[in-house]
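Once you've had a glance at the structure underneath, I'll fire off some questions.
As written, the chain order gives the labels A, B, C, D, E, F and G, with residue 1 at the start of each chain.
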């Protein structure tokens, strides 16, 4: 069985596509995470209502995340 | 009696249909889960307002889930 | 006095009518539950805006439940 | 001083009028409760937008309750 | 320094004006409280959209309270 | 480094401007606080949609606070 | 791997751009933080619907934060 945090561990340094509760999409490389699924991401690009914005490095609070896709 | 997490345990490697709080439907094979009902799913197809999207492998945060159906 | 979880215990294998926070109604036989009132239900029928849908067996997360009626 | 749970204890077998977060009113006899203010109620009548509905016996999750009035 | 619960302790048997998250105002005499700021109030008058309603004695769940004013 | 609760400790008896989740602004002198950032404020003035209202002494539940500015 | 709180530790005395749940943007220098990601910020500028406002020093509750970008 694949535990969610183990799957996240294997995704460090890989590219993720996140869906947030407010409908925003976040694409970026995973640098780190903690037990609450707070994430550190690099080379982040945010998409909201078809508008893209580059954000560099961010901390994303896990409570806002709906899903994390591996791309 | 069937405990919710025991039922989830037996569903590993089976197909699930999830309803999320934002109305989205997620269909995929269950790879794993944790005590918060965070789920790891593979071969995921998301349906929102009758639009389908393939997402591959995802982690889904349990706090967004309304119900998990076995199909 | 009747503790809520004791009342749930006695309802195993009986038919329940649930009201969810999003207005949906869920009818089904209770197979099991846990301390967070996550429920396992069988022969489930969901009603939303007067549209019915059969869901078979589901896990329902307790945090979405408003009330559980015994029918 | 009257602790909230002590006041609830004394209300067992009495009639309550509950206001829920979604605006619904619930009237019923209190059969039991737990520390989260989950309630067991009997002979329940629900009122929503001036429409009444009889529900018999229910478990009501405390997280949906705004106020409990003694009538 | 005045701790919030100490200030509440001194307000027992005094009149309070509460603002709830749904915009409702509640006026009443404080009979008791607990560590979650669940309150027991007596001689309660509720105001919503300029309509007043007398509620007698109520338990109010602390999670719905925005502010407690001393009047 | 300045810990949030240490900064609050130094602000006792000083004037604060709070922004609440519902858009309301609260101005008042800080009398006390607890670990949940529940606050006791005096000489409070509330502003909502450009309407001001004097509230005297209040307890404000921390869960409704977005930000606390020092003025 | 970069833990979220370690990344925050290294950002003390640096400029951050925060996105809040209500759509507000907050720019300011990080003075401190705690384990809940409550933040102390200085020289704060808030942007809401293209209107800017200077706030000086603030405490920001972590539960309102979506993301923290390093600029």
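As a working rule, a contact is a pair of C-beta atoms (placed from the backbone, for glycine too) under 8 Å apart; a residue touches a chain by one contact, two chains touch by 3 or more.
These figures come from a predicted structure and were not determined experimentally.
Asks: Rounded to a multiple of 5, how large is the rotation, in degrees, that superposes the C-alpha trace of chain C on chain G?
Replies: In short, 155 degrees.
Asks: Counting in whole Å, what is the centre-to-centre distance of chain A and chain B, each centre being its mean C-alpha position?
Replies: So the centroids are 18 Å from each other.
Asks: Go ahead and note the Å separation of the Cα centroids belonging to chain C and chain F.
Replies: That gives a centre separation of 42 Å.
Asks: Going by the contact rule already set, what residues in chain F reach two or more other chains?
Replies: Answer for chain F, listing residues that touch two or more other chains: 63.
Asks: Edges wherever two chains touch, nodes for the chains themselves; is that graph a line, a ring, a star, complete, or other here?
Replies: The chain contacts form a single closed ring, each chain touching exactly two others.
Asks: Beginning with chain C and moving on to chain D, name the chains as they sit around the ring.
Replies: C, D, E, F, G, A, B
Asks: Which stretch or stretches of chain F touch chain E in the complex?
Replies: 12, 20, 22, 24, 26, 31-34, 38-40, 44, 55-61, 63-64
Asks: Taking the touch rule as given, give the residues of chain A at its contact with chain B in the complex, in rising order.
Replies: On the chain A side, the touching residues are 1-8, 21, 37, 62-63, 65-71.
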